Each structure stands twice: as structure tokens, then as C-alpha cells.
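For clarity, chains are labelled A, B and C in written order, and residue numbers in each chain start from 1.
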Amino acid sequence: MAQVGAWVGAVITAPLRGFARLLDVPLRVWQRLAGQNGMAAFFLLPNMAIFGIFVLFPLGLNIAYSLTSGGALFLADRNFAGLGQYQRLLTCADYTNLLSCQEDQFWTALGNTALFVVVQVTALIVLATATALILNRELRARSFWRAVFFFPVLLSPVVVGLIWRWILDRNGVLNAGLVAVGLDPVNWLLDRNFAFAAAVGVTIWAHLGFFALILLAGLQAIPRDLYEAAEMDGTRPARVFWRITLPLLMPNMLVVIVLALIRAVQVFDEAFVLTGGGPGTATLFLTQYIYEVGFASLLKNPGLAAAASILMGGVLVVLTLLQLALGRRNERKAKLK
Amino acid sequence: MTKHTMVLALAASLMASTALAGDVRMMWYSDGVEGEVMKDLVARFKAENPGINLILDEVAYKVVQEQLQIQLEAGQGPDIARVTNIKTLAPHWLDLTPHLADPAYWRTNFGAHADWMRVDGSDAITGFMTQLTLTGGFANATLFEQAGVALPGKGATWDDWVNASAEVAKSQGTAAAFAIDRSGHRMTGPNVSYGANYIGADGKPAPVDAGTKAFAEKLVGWVAGGQMLKDTWVAASGSTYRAAADDFINAQIPFYYSGSWQIANLSTKIGDGFDWVATGSPCGTAGCSGLAGGAALVAVKYTANPTEVAKVMEFFAREEIVKEFSERTLFLPAHAGVAAKGGLNWQTADKNVGAALDVFVAASADILPAAAALPAWKWASPVYGALVNRISQVMAGELKLDEAFAKIDSDIAEQVAAAK
Amino acid sequence: MSAVGTFLTRRRGGDRWDWTDIVTFLWLGAGVFIMFGPALWLVLSSFKSPAQLSEFPPTLLPYEARTAVVEGYDKPLPLFVVTDDSGTRTLAEVRRVGTIAQMVDPENPATMERINIANRTPDRAVGFSWGNYLDPFLRFDFLKYTQNSIFVTGVATLITLLTNSMAAFALSKYDFRGRNTVVVLIIATLMIPLSVILVPLYSIVSGVGLINSLWGVILPTVATPTGVFLLRQYMLTIPDELLEAARMDHASEWQIYWRIVLPLTAPALAVLAIFSVVWRWNDFLWPLIVLSRQEVYTLQVGLNAYAGELNVQWHYLLAMTVITMIPVVLVFVFLQRFITAGIAGTGLK
């Protein structure tokens, strides 16, 4: 299998290698003409061009949308409204009473999302680290075990939500199990705390393998002799974890934290299919709010949806900057060593 | 030539090359077997009209509901589409009148619903209803019989039905007495039966009135009292649609308020499990109204081939085609001629089906004017959305009823203001 | 591979079981149950008939009602297990009127019995509804959809790997003004869910004429900020000294990227490749908007024709979901070997 793999890999990469060789000569000329900065520009160009057209530009347009009102979907047909949409989102007659807010469900969604991010990311990282540590042990059939935990990542989010809804539903498998052992069925998804926990659990279920894999790659890159030395010194395992494993895992951990945060803030498909935002509004998250306002309802309000997304994006950018600053401090520390 | 116009020209040429002369694209979603029936009919159309290349693009309902509007506003989209949101999108439909061989046939047979799919004040012919739907109840006759409870007869009120069902539920140990689909559309028939009228004097949404309040209060009470299945409405938020059909199919509720479109679904899934009957809509203080609706096949005005589009529409609007389509899909026909002649030969072995369809046909006579006006009213959908969103919050214990009514009013007012 | 061990893996004191072994054992056991269980159940459910799918309590295996051909009746009759005062036996149902079923003994069809339906349960045997899998293939052009899906997934993944690794190289190994701005920009946009920029994105894609084109699906997704971020973080760990040494040997910058950095990034590239394949294969929301003509449908768009307004034909949807899962599973099984091989082969210490 591995040999076949190497062979297929070689076949795929052969034309690419030829292509790369062809590119070398003109690029040497370019390098001489434009210098290091020119080369940096060359490497960045393809990605940034696509990125600019299909990500940045729409984002810019999105800001423009947030300043307009009306039901029309295309910018040219919309009316300028200044900061009216932001005002509507943020205005409350009485800031101690959520209900008095013009868009009370925006605030509910904001609160739910914040709580979700904190709980889900923490739990996810702890579980992913534990899984990675265990998968890094000397196990028989390690690739099988890795596949076990990775498997749900292969499912589309909608399918994930559905599977679990069929399990947790009043008519679901879990209740069938309870009935079979003589207990009363429980209406799981009608319990606010349980529904919230289910949203957290299912999103962890779906993404655990993704993050554990990244951490595992980091663990495997840690030189073995470090551990051997520690063992010789008789260092306790917990201390080894905190002093050797975790610091050396930091680059991968940073990737995991940032990506987990982003995924958590954007939580939508799995949770939406599972709980539909209920019971009541207990699991109504920001993305669902935006989706409802901007797309799902028959009278769409793209301006309000855009404003909400930009507020959300703003919070996220601040979070990321914090993360990056942290990462840079670590980088510098690593360099000093 | 500026860059902008160049891009536009390029785009236009690309698009022109994809829309060949004689191509007609029809966007179609399916709830059940109608996609397969349509495929047969399309094949027959093509055999009859070799010059017209009719292509059926089968899509998810989500596409019709959420994405078609984006395409239409960009001046794109299919040539013909099967749509439910026909009033809001009416400005995008093509007036077929000049292209039709016999507009009078259309006005006679489909005229009753023409207003549902054209802008206010227009007399255009834009398409026809592929099926009519009517909200109404279904009862599990077998459960009622086992419990020894008589099915409430004609003129029975909502309270009668809920009490009788509760008695059945108690004796048979079902999960609850009844359920209504989670949808503002579904609770509107009952609201109107209690005297509600959503439409204000100015044609804009009126504030929540006594009729809506009366039924909403009952509904909330039934959820709190355990008569109504709690999960259907509470285990979701916003305007998410949730049907309780599976609970009825599993004999978990003796009474289920949904609509005529469920008939085929119930027939396949219940099979011989139990006897079920359609009940029409239970009565309120003002009447026993359901709410009509359905999906229409409409022509899109951005088509490059209006003549061919009209040919296609004429084929599918033919009396014998409408009849065959209805018989095979178990849909109520919207064609006045077909409906008047009756004698539809429903393609099913299930004896419950024909009886149920007959009940719905009879119940359409009970639709009150305040409900009859809604399908052609363009503000109906924000009202439905606000109702289901807020009332389910009351059921979940997040809001009080009066708070919810105030919120419904302000939600609707904001939506109306925002849509300008 | 098994030689890669951590301190924690050593069983302390030889053969004695350490608590970490027990934790490992429990963790992996629970993992199989929790991770595989639901998916296995999905596969089993995909063989159930529509009626069985909405049944409570749900059964683990798909069942079909048993029928028997009884003398004197044209059609096979459904069998039921009847338990009442006269014991338990299997009877065939002729018809049901209200709560009373008229049943006959298949062996002795002459005598009709009247049985209360509360006293009978359907006699069923395990049976698979293969129609769930076959019908969609007869009805839709799934071969074409599969081709489109493979094209989108393959091309998008190749472009993603190339452009993202180039950008990540520039962002990790060059010092130029505005570098941090670009990084922040990329990461900031990571945050924006696609659903938020749908409308502006649609107007741009339609502006460049890519509606109903597979390129309209591919291009907006390939500049994934996630990929750039992942690769950049990985490339930061490659020592600059390696690059300097190559420059001393007059290697061009392109050669450095192609011959040195890229092979060293192989594990991260493999990870990104797996994710890219999974993401593009499962992409749903965006293709649904761009592709509304059946000749350009991808699998995910095609199978969603089963999702109607008021009813969803779950039996077909589930079966097709299982089918669409197979290729991704294969890709994973195949590529995950590269990850381990990649890590072992890089000499990255």
C-alpha cells in the first residue's frame, strides 16, 4: 500500500516537477531584477490575487452593505442608511433588560456564542491534547486508532447534525436504549442545559480528530532524546508534560487554538441541524441569527445581517491580534533559546 | 471602453453562449414523487416538440427559497421555476399573455389564483399553481376507536378536538394529544377561525388582534398543559420549520394539524399501520378556516426564449396533463375545469387517501375571507415568521404572552420599514 | 514508527500495568464506540425503508415485514405474531377493519380468525432496502455529478496546495515591509463565515461570468486563509540556516522553495491536502448557489434534490450520503500513511 502510494505520488508530481524546472530560468532573471522583495511579491501574488478578488473584495462590499437599508440584494439598488443598522442592533431602551433591545435576539445570540466559545474551545483543546498524547503512545495498529478519531471529520456538518439528532431526539436511539433497560425516556433536546451541552459535544465530536491530528504531528516532531534525558534524571511525568511536551508543542497548539476559536465562533451547521437554536433561544448562535435575518426569511434584510457580521468580525479580529501577539512572544522566546 | 464595461461585456458573452436558442431550463424541487412524474411529462413534451430542448434542473427546496431570489435580482435564473414564494418575487415573473395561444383558457381555469403570482394591480398571466394545498387536521381513527372515544364531528371546536384527543392520549398512553407543525403559516388558519385579520385598513400588517391572541393563548396553554407535543415548537428557534408528521405516523399523537400535502407522505409511511382520516380545520369562534397555499410554476421574465417558454407552460397547463399530474402525485389540482369535473382517479391502493382528499376539497369551502386574502398579500411571510419565532419563545418560558405580542408587532413593523 | 515513543508510554516497572495504560485502554475503547457508533448507525439506517426510518423505537438493523403466499389469495399476505388467550402463533393478515384484524393461519387458510390489533406484532426479518441505493442512480446522472465533484476537489486541492504554500513561504521566510499586515489580514478573514458574504460574493462571481461553471466553485475556495496559516506556522519551524546554506550554493529562491522548503513541509501539506479534499468534497452551501444546472451539479448539490419544502426523502438522502462518504474515506486511508512517512522522512528534529 505504501509502495503503491509512493508510486502514485511520483506519477502525480512528475509533471509538476518538470513544470517547476521550466519556471526556474525566468524566475532567476526576475530574482536578479527585483531582488528579495520581488521574490516575496512573486510568491504572494497568486494567493493574494485570488484572495483579494474572492475574499477581501466581498468583505469590503459587506461593509458597504452594512451602511444601507432595504430588501434589495444588490448594492446598486439599496439605499444609504449610514449607521442605522448598527444603531438598530445596539439600541436598548434599558440596558439591564434584554427584552427592551430592538434586536433582543442579537444579544441573546451574542451571549450564547460567547459562552459556547469559552466552553467548547476549552473542552476541545483538553480532549484533543489527551487524544494526541494517547495516540502518540506505542500502540498496536496506531493508524487504525487515528482513523477512529479522525473519521467524523470526513462527514459533512449537516450529516453530523442529523446523526446526533436521531440519537438525542425524543424518538431517538438514546431514548430507545433507556426504554429497553426499563427507564423513562427523557426529552433531551427540551432541556436548555442539555441542548447547549449537546451542541458543544457534537461540535467537539465532529472536529476532535482534526485538532488531535495537528497536535499529534507536533508531538511526533519532538526529539526522543529529550524524553530519554528526562527519564534518566527521574523527572516526574507531569513535570515532563509541562516542561518539555507542552512548550515544544506550542507552535501546533497555537494553530489549534486559533482555528478552534474561529470554528467555535462560526458554529452553525451542526448545531442548527441538531437543536435548531432551541429550546426557545437557548442555542441560538450568531451565525444562525445572521442567516435568519439575511437569508432564510422571505423578507431578507442583508443590511442588518452585514452589520451583525461586521460587529462579529470586529470582535474576532481583536481576539486574533491577541493570539498573534502571544505567538510572537513565544517565537521570540524560542529564538533566544 | 472602461474596465467595468469590458467585464460586463465578457460576462454577457459568456452567459449568452450558455443559453442556446431553443433551450428552456426549468427549476424544480420535489417533496415526493412529483419530480419523477415531471420527468415523464418532460420526456413526453420533448417528443411532441423536438425543436425545444426542455431541461429539468432538480434542486433542493432551499435553492428555490433562498438562492433563486439572488439569481433573479441579478437578472439571471432559470426560464421557468416551481416556486412557493410567488407573491414576494412577483416582479420577476414574465407576463405570458402575448405569447399564449389561448389566454382565455388560462383566465377561466387558473384565474382564481392569478393574483397570488403577480404584482398588485396587474392582470398578467405569469404561471399556474402545480397544486393547491390547504391546512387541516388528521386523526388516528384506530387510536380513537381503541380508546372508545368518538371522533368529534363537523362543527367541533379546537377545544373539542384537543379534549377528545387528550382523552385518547390518556387511555392509549401516547406522547401527547396533538401537534401543529412549527410554522406561522400553520397557526394562521386557526387564528383566523378565532377572528384574526392580519391585514390592516392600509393594506399593511395590522397589530396583533384579539383573534390571534385568543388562539395563541390556547396554544401556549396546551403546550404548558402537556396536550400539545412540546418538542415540535420549543426544540427550535427563529422561523425554523419543524413538522410533527413522524409523531403522527408513529401513533404518538392521535391528532395532527398540518395540511393536504401530507397525504402522500402519510399513505407511504403508515401503510396499513392504522386508519387515519382527514378532519378539515376545527372551528373557532368565527368559523372553521384553514389556509390555502401551494406551489406555482411560473415563467421568469429574464428568459431569452419567451415563445418557447410559453409553449412549455401551455403543455403543462393542459387539462389532461394537470389531471394526470394530480392523480399521480396525489395533489389537489388548481385547474378549475379539472376540479369541477371531479372523478380523479387517484393512483393509490390506499383507501384512506381518496377519502382524505375529498375532505380537503370540501373543507376549502370553509376558508374565511381573512384567510383567503393572505396568499395574495405580500406581507404575509414576515407576519408568519414573527408569530412562530415569538410564540415558541413563550412556550419555552422565555417571554410572557403580552411581551411576545408587543415583540411580534415591533418585529413586523421593523421588517416592513426595512423592506422599503 | 512504533519506535516513536514518549516518556508517558513506558510502562513503569516493566510488565506491571500503569494507570496510563488503563486510561489509554478506556479512552480508545470509548473512542471506537462514540466515534464509530453513530456513523455505523448511519450506514445501517441507510438500508431502511421510509416507514422504518420514522419508527420509534428505532431498530438497529433494517427489517422487512415477512409475507407469505396463502392459498386463495392473489397477493402475498403480511405475517404477524399473535399472542392472546390461545397462545402465540404466526398468522397472515387478510384485512384490517378498525381495531380488528381478520387473520388466517397460512397452513390452514379456511378458518378466519378475528384478532384485536393490540395483540399482534408484525413478523419481520432483517432485510435491506437496496432500492435506496439503486433508484437514485436510475433517476439522476450520478456519474456526471461524480465527475464534477472529482474535478472540483482535485483541481481545488492542487491549486490550494500550490498557492497557499507559496504564500506561506513568503510570509514565513522573507522579511518585507507589510508582512505582518498581510498575516493579520489573512487571519482576520479566517473569521468571516462564508454565509456572511454570500451576496457580495455572488455578485462578484456572476460579474466575472462564473455562475454555473465549476470554476465558480473552485476559485473562491482555494485561497483558504486556513491553509496559509497552517503552512506558515509549520514553515516557521524550518531553520533559516538551511536556506542560507542553499543560497551559498547559488540556489535560486524558487529552487529553495521547491527543493528544500516544500519537501520539509510535507507533513503539513499532507494534512492540508486531506482537509482540502474533505472540505471541497463536502462543500454544499456555495455550490448550491453557483450551480443550478444539472450538468454542472456536484454530488452534494445533486443529492439535495431530495430535500423538499415539506418532506425530505431521507431514505435516498442517507444512502447517497453513504456513497459520497466512500471516496473521502479512501483518500484518508491512503494519505494518512504519507503523514507518518512524511514526518519520519523529513529529519525534522
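Observations on the model:
By definition in this document, contacts are C-beta pairs under 8 Å (C-beta built on N, C-alpha and C of every residue); 3 or more make two chains touch, one makes a residue touch a chain.
Note that the structure is predicted; figures quoted are calculated from it, not measured.
Compare each chain's C-alpha centroid with the centroid of every protein C-alpha atom shown, and the nearest one belongs to C.
Counted by C-beta pairs in contact, the busier of B-C and A-C is A-C. Centre-to-centre separation between subunit A and subunit B, using Cα means, comes to 37 Å. Taking each chain's centre as the mean of its C-alpha atoms, subunit B lies 33 Å from subunit C. In this assembly, the C-alpha centroid of subunit A lies 17 Å from the C-alpha centroid of subunit C. Counting only residues that touch two or more partner chains, subunit A has 73-74, 171, 295. For subunit C, the set of residues touching two or more other chains reads 56, 198-199, 203, 208. Among all residues of subunit B, those that touch two or more other chains are 65, 70, 74, 246, 250, 252. Residues 1-2, 5, 9, 20, 23-24, 27-28, 31, 36-37, 39-41, 43-44, 46-48, 50-51, 53-59, 61-62, 65, 73-75, 130-131, 133-134, 136-139, 142-143, 145-159, 163-164, 166-167, 171-173, 175-176, 179-180, 205, 209-210, 213-214, 217, 219-224, 227, 230-231, 237, 240-241, 245, 251-252, 254-255, 258-259, 262, 265-266, 268, 287, 290-291, 294-295, 302, 305-306, 309, 312-313, 316-317, 320-321, 324, 331 of subunit A are the ones touching subunit C in the complex. By the touch criterion stated above, subunit B contacts subunit A in their complex at residues 65-66, 69-70, 73-74, 85, 88, 175, 230-231, 234-240, 242, 246-247, 250, 252, 381-382, 385, 389, 392-393, 395-399, 403, 407, 410, 414-415, 418-420.
Against subunit B, the residues of subunit A that register as touching in their complex are 69-74, 77, 79, 88, 99, 102, 104-105, 169-171, 187, 189-190, 195, 272, 275-284, 288-289, 292, 295-301, 303-304.
Those residues of subunit B lying in contact with subunit C across their complex are 7-8, 10-11, 14-15, 18, 25, 27, 29-32, 35-36, 39, 55-65, 67, 70-71, 74, 76-78, 84, 141-142, 145-146, 243, 245-246, 249-250, 252, 261-262, 265, 268-273, 275, 295.
Partner subunit A is touched in their complex by these residues of subunit C: 1-2, 4-10, 20, 23-24, 27-28, 31-32, 34-36, 38-39, 41-42, 45, 56-58, 162-164, 166-167, 169-171, 174, 176, 179, 182-193, 195-201, 203-205, 208, 219-220, 222-223, 225-226, 228-230, 233-234, 236-237, 252-255, 257-258, 267-268, 271, 275, 278, 282, 284, 300, 321, 325, 328-329, 332-334, 336-341, 343, 348-349.
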